[in-house]
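Consider the two complexes below, in which chain A is the common component and chain B and chain C are the respective partners.
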Partner chain A sequence: MDTLLFVLIPVFPIIAFLVIAFLGNSMKESGGYVALVMELISFIISIYMFVGVLTVPSYSVDKYMIWFSLSHGPTFEIGMLIDGFTAIMIFIVNLVGFLVILYSLGYMHADPGLARYYAEISLFIAVMNGLVLSDNLFELFIFWELVGLCSYLLIGFWYRKPEAAKAAKKAFLVTRVGDVMLLFGMIILLYQSHTPLALNFNQLYSWAATSKFSSAELTTLTAATFLVFGGAMGKSAQFPLHVWLPDAMEGPTTVSALIHAATMVKAGVFLIVRMMPLLQYTPATELIIAVIGGFTAFFAATMGLVAPDIKRVLAYSTISQLGYMFLALGAGSAGAAMYHLMSHAFFKALLFLAAGSVIHAVNTQDLHKMGGLFTKMKITAVTMLIGGLSLSGIPPFSGFFSKDLILDVVLQKGLNNPVYMVLYILAVLTVLLTAFYMFRLWFLAFMGKPRGYDEKHVHESPGVMVVPLIILAIFATFSWMFLLLPSFSQILGISLSLNIPTMLIGVSLGLVGIYVSYMLYSAGIPKKFTSVVMKQIHNILYRKYWFDEVYGAFSIYIIYGFAKLVSMFDKYIIDGVIDGIAAGGVMLSSSLYPIGKGLVKNYVTLIISGLIITFILLIYVSPFLYGGGI
Partner chain B sequence: MNEVVLLSLSGILLGLGLYGVLTKKNIILTIASIEIMINSAIFNFIIFSSYNNNPAGDVVALFFIALAASEVAVGLALALMMFRIKKTLNIDVMNSLRW
Partner chain C sequence: MTAYLVYTPEILIMISALLALLFDVLDSKKLAGGIAIILNLVALVIILGWSGITGSILSLPQSGGHGLFYFSLFGYMFQIIFIIVTVSVELTTLDFSEYNGIFYALIEFALTGMMIVAISGDMVILILGLELAGISTYILTGYIRKSELSVEAAMKYYIIGSISSSLTIFGLSILYGVTGTTSLWLLNLHAGYSYIPKNNPLLYLGFSFIIAGLGFKIAMAPFHMWAPDVYQGAPSPVSAFLAAGSKTMGFMAMFIIFLSAIFYFAPNLSLLFGFFAILTMTTGNILAIKQRNIKRMLAYSSIANAGYILIAFSVDTPLAVAGGMFQIFSHAIMKVGAFIVVAVVSVFGVGESITDYKGLAKEHSLLALSFAIMLLSLAGVPPLMGFMSKFVLFSGAVQAGGWYILLAIAGVLNSALSLYYYARIVKYMYIDNPEPGKHKNKKISMPIYSYISIFVLVVIIVAVGIYPSPIIGYFIHIASQYMVWR
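Take a look at the complex of A and B:
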């Protein structure tokens, strides 16, 4: 393989970005075709990379150039690390990216901000590819911030809507908490590792493998890996930094599909996959990752049970599934996490795009106003059903295999460690919840009777929107076949082994969830709960455990209060001193102001008296002070 | 003793000039008083030149006479312009440069 060719993967979307950003307003709709063609080229190159790496599974090349070096410190470089994980991730990003741009041609048709949309989405794909190709943490961090920027811009795409502007701000600020943690983790690693190339992944791995850590060093390393995980926690919306992702659904649905389901939120998982060789020396961090992942999986799923907004249900589902991936990472299996990342990218992008197709048709996101769409939009309904079955872990869809792998990995770990056993039980319960909320969504949208939308105008979406759905449905169904390739399983270090008991538990719980939601929702919206306990639970879930309120109060009273205090210090102490000096000058001059009347004689008198006083001082006083004379 | 008498004369000249500057309202008289003060300074140069047997002081005195003449020219031109603009020679009227 010609490795240098892969530099071009981020370059083509960047070209699209520049062209659309500068000429977009005169191109209108054709800007989308520029973005599509450029992304297609990148996609073809990434297929070439994927196939190339599959033929040589142990492929791992680090190509870099020196950026700058410090005289008594490490050398900073920019480069590409191409191995199995890179190839898989690049393939996912560009496949979903290409399909989403294709879908956007229909979905975003005639939007006034079209040029901005295509420019930003091209920029996002470029920097996401850059993030995946990065061969050191420093470079990764730069792209990490850039994808955060694109996410901010695209969530706030309809910035005239106050909710969208707020959601964009919230996403930016909440992920910033994680980013600061990541930055501190990087600084600790940089000082601790002393590799010749700063934070280069391969050199970090060999450093960790060859050095014998004392217990103090291990504590530092644990802190560093935990802080790096903090970054992943923000980007991948893990508890307690999960609050931004549901609100991010204010952006266009295509953006939710590409950025907030399939690619950017996976950057956190990808970062931890890259850090896995270091994590194996810090079991404490691994445990934290597993606990946070397992808890988030369950916690987010409970909130998904009652969300009334079709996209928010999917957003909670995304948080929950990302929790599964972190659970797998915490259990020490990068392969299972990466494989679930892949199948999740396909079925969740599919679900989002299908939801977008529904929203496009009925012009609302409220599940309570849909219903009975099955006969009107058959392709959307069927593809969404495939996505839902895959998400619920029903065989033979790919979600079944990837979820089963994770459950299996956690169970194996749980046999020796009770914490992992608890997490396994949580994960299994989450399967039930997942199937329930997914099919609640599907039944509410497609079954029952229409509930208040304009029935005459509802029809199947145009071809450019349906084709990506079909392609993604194929991937969501058959992507488990990748595991049949020996080289693919060799890259991930996993195999298609079916553990019959876990498989049976998972599938039966999934089916139970589907059955319960069928009973409740297939005929329409069920009656309100009558028992007080159920009402209370519903209220807690509906209000999202009051996280927004608590964080809001925290930021208003604690952080804003502290900021006010600091501002008072600045205003009254620092500014007070400066202003006081100035005010003293003003007072002095204004008290002297009446003396100068503008009359020449007064000035002459003053000069003469000053001279006389000076002479008197020089002649009669200075001898006493200095012992001499003039 | 001779020098003391001469220096006293110079001091009296300075005092007269200063008195004129401080009391006269007419700008022409003020300029004349300034000239008297300059003359006292020139007189000092000549006194110390002869006292020290150093002709440099005489040279400076000659130089200052020329300077004083040009200064008077400038001063009178100012007085002329002032009379054109303000229609008066009263120096107390000239206070518009005050902030």
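Take a look at the complex of A and C:
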């Protein structure tokens, strides 16, 4: 394989970004085609990479060039690390990226900000590819921030809508908490590891493998890996930094599908996958990851049970599924996490795009106003059903295999460790909740009777939107077949081995969830709960455990109060000093201004006095300061 | 015969000057400029080959003494800067009708002088080069004879330049009297200074005169007063040449004379240069704040940059000298670019007052973008070249430790101060609306050659800023090679 070819994967979307950003306003709709063609080229190269890596499963190449180095400090480089994980992730990013741009041609049709949309989406795909290709943590962090920026821009794409602007700000600020943790983790790692190339993944691995850590060093390493996981928590919306993702649904649905389901939110998982060789030395961090992942999976699923907004249900589902991936990582299986990441990318992108198709038709995101769409939008309904079955872990869809792998891994670990056993039980219960909220969504949208939308204008979406749905549905159904390839299993270190008891438990709970939701929702919205307990539970879930309120109060009273204090300090002390310097500078500037008055004789006088000062300094002052000398 | 091949670049440039005179008689301006540019580029390619940057295409001794001359990677580096600056200025002037063959002849003569300074191994040759470059630039400053400002600037420049030259020459003669040799490379590379008693006051008198004389060339405070007047009065391309070329030549001369002297007379000279570094950068930045004229502002910014570069003289370690050279290089590129933009926008009817730049981005987005990149690079905003060069220079001072850290702190504080007046222009260009009645778009032909040179300079600024590793490595290599006496 010609490794240098892969440099081009982020280059083509960048070209699209530049072309659309500079010429977009005169191009109108054709900007979309530029983005599509450029992304198609990148997609083809990533297929080449994927196939190439599949033929040589042990492939791992690190190509880099020195960026800058300081004689007594770390050497920073930029480069590409290409191995099995890279290839799988690159394949997912570009496949979904391509399909989403194709879908956007229909979905975003005639939006006034079209050029901005395609420019930002192309930029996002480029930097996401850069993130995946990074061969060191520092470079990854740069792209990490850039994908965060693109996410911010695209959530706030309809920035005239106050909710969208607010959601963008929230996403930016909440993920920033994680980013600061990641940055601190990187700094600790940089100073602890002292690898010749700063924070290069391969060198970190061999450093960790060869050094004998003392217990103090292990504590430091645990802190570092935990802080790195903090970054992943922010980006992948894990408890307690999960609050931004549901709000991020204010962006266009295509953005939710690409960024907030299939790619960017997976960056946290991918980061931890990259850190796995270090994590095996810090079981404490592994346990934290597993606990947070397992808890988030359950916790987010409960909030998904009652959400009225079609996209928010999917957002909670994304958080929950990401929790599964972290649970697998915490149980020490990067392969299971990576495989679930892949199948989730396909079925969740499918679900979002199908939801987009529904929203496109009925012009509302409220499930209570949908219903009875099955007969009008057959393709959307069927593809969404496939996505839902895959998400619920029903065989033979790919979600079944990937979820089963995770449950199996956690159970194996749970046989020796009671904490993991608890997490396993939580994960199994989550399967029930997942099936329930997913089919609640599907029944409310497609079954029952229409509840207040304009029935005459509802029709199936145009071809450019339906084709991506069908392609993704095929992937959501059959992507488990990748596991039949020995090389693919070898890359991930997993195999298609069915553990009958866990499988039976998972499938039966999934079916129960579907059955319950069928009972409750197939005929429309059920009557209000009568029991007080159920009412209270519903209320708690509906208000999202008051997280927004608590965070709001926290930020208003504590953070804002602290900020006020800092701001006072800043205003009166720091600004005072700086303004003082500036004012002094301006004053000095004005008072020095007339010196010389432009007269040559004054200049010469100054030159001669300068000469005399020089001589005096040399002969008298320096020796005086240093003693000795002359 | 082959012994003379080492002078090929200088000879080529001399020939281009003479050809330009010839074509001036034939009244063929484009031809004069074109041939000058082509011959300069040929010389550039040859020097790049010798300096090992493009690989050795011409295998000549990379360094060594030839009596009056001394060839080194150090000198070649400076020659490369001189040629880049000259070619950029010449490209720009091709777009303007007022410059004819004489202009190219003068600028090529000045370039010859600078090239000679870069390879001089002897005081006599050094003075010859300095004077050849100096006299040519006096005339260039007054090139627009009908402009009162231009003539006044030329007169000032000439008088003060002559006084400073005499100071330099007097200082060098004292140095000769003390050391008994006019050979600079004997003094530098053969530890010539180390035989002189450290407490010889006559030597320090000589140094004082040389510093005063060359301080004029590099616009070091308090010898800087001429610079704003001259940069303002001279035609903008000439200002570019003075700020980027002539100043660089002054630094080259100072490097040749002082680099090993600082080592041998360490505390005294080191302290003196440290003092001048802080004085110069502070004076330059503080006075720049008040300027209303863009060319005067750039002149003061150029003075401030001289202050930064003087840190390298004070610290005098390989890393600091490499940083100093990098700063010289980046300053030359950024400053020549900035003055070229000033020259080009004047074609579009934008005046020299900084308020004339209001709303420039709305009408000339490419020019405004280039100017913003250059100004932000001058201010030291990452990831541009100006940030990287300052970064290396200041890390050199920090690495040396001791009181040199103060120089780095002064440099950082000054950079922060300088951001004010650079960012103000960027704000004017991008945020403010144009003042009514300004920016009358005169019907003119596109200044295509200027655009080419601006484009190339911007590419250098951005590319080196993003990927500085090879160039930093090269500068450190040159600096440690030149400082073999350590």
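The rule we apply is simple: the second predicted complex is superposed on the first by the 568 of 630 C-alpha atoms of A that agree within 3 Å, B and C clash if a C-alpha of one lies under 4 Å from a C-alpha of the other, contacts with A are read in each partner's own complex, and residues count from 1 in each chain.
The working rule: contacts are C-beta pairs under 8 Å (C-beta built on N, C-alpha and C of every residue); 3 or more make two chains touch, one makes a residue touch a chain.
Remember, it's a predicted structure, so these values are computed and weren't measured experimentally.
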| item | value |
| --- | --- |
| Which of chain B and chain C A:Leu618 touches, first, second, both or neither | second |
| Chain B versus chain C as contact partner of A:Ser508, first or second or both or neither | neither |
| Contacts of A:Ile66 with chain B and chain C, given as first, second, both or neither | second |
| Contacts of A:Gln280 with chain B and chain C, given as first, second, both or neither | neither |
| First (chain B), second (chain C), both or neither touched by A:Ser495 | neither |
| Touched partner set for A:Gln536, first chain B, second chain C, both or neither | neither |
| Of chain B and chain C, the chain that contacts the larger number of chain A residues | C |
| First, second, both or neither for A:Val604, with chain B first and chain C second | both |
| Overlap of chain C and chain B interfaces on chain A (superposed complexes) | 596, 598, 600, 604 |
| Contact set on chain A toward chain B in their complex | 596-601, 604-605, 608 |
| Touch list for chain A against partner chain C, complex | 65-72, 581-582, 585-586, 588-590, 592-593, 595-596, 598, 600, 602-604, 606-607, 609-611, 613-615, 617-619, 621-623, 625-626, 629-630 |
| Partner chain A, residues of chain B touching it in the complex | 18, 21-22, 30, 91-92, 94-98 |
| Interfacial residue positions of chain C with respect to chain A in the complex | 155-156, 159-160, 163-164, 167, 198-199, 201, 204-205, 207-209, 211-212, 215-216, 221-223, 225-226, 229, 267-269, 271-272, 275, 283, 285-287, 289-290, 319, 388, 395, 399, 417, 420, 467-469, 472, 476 |
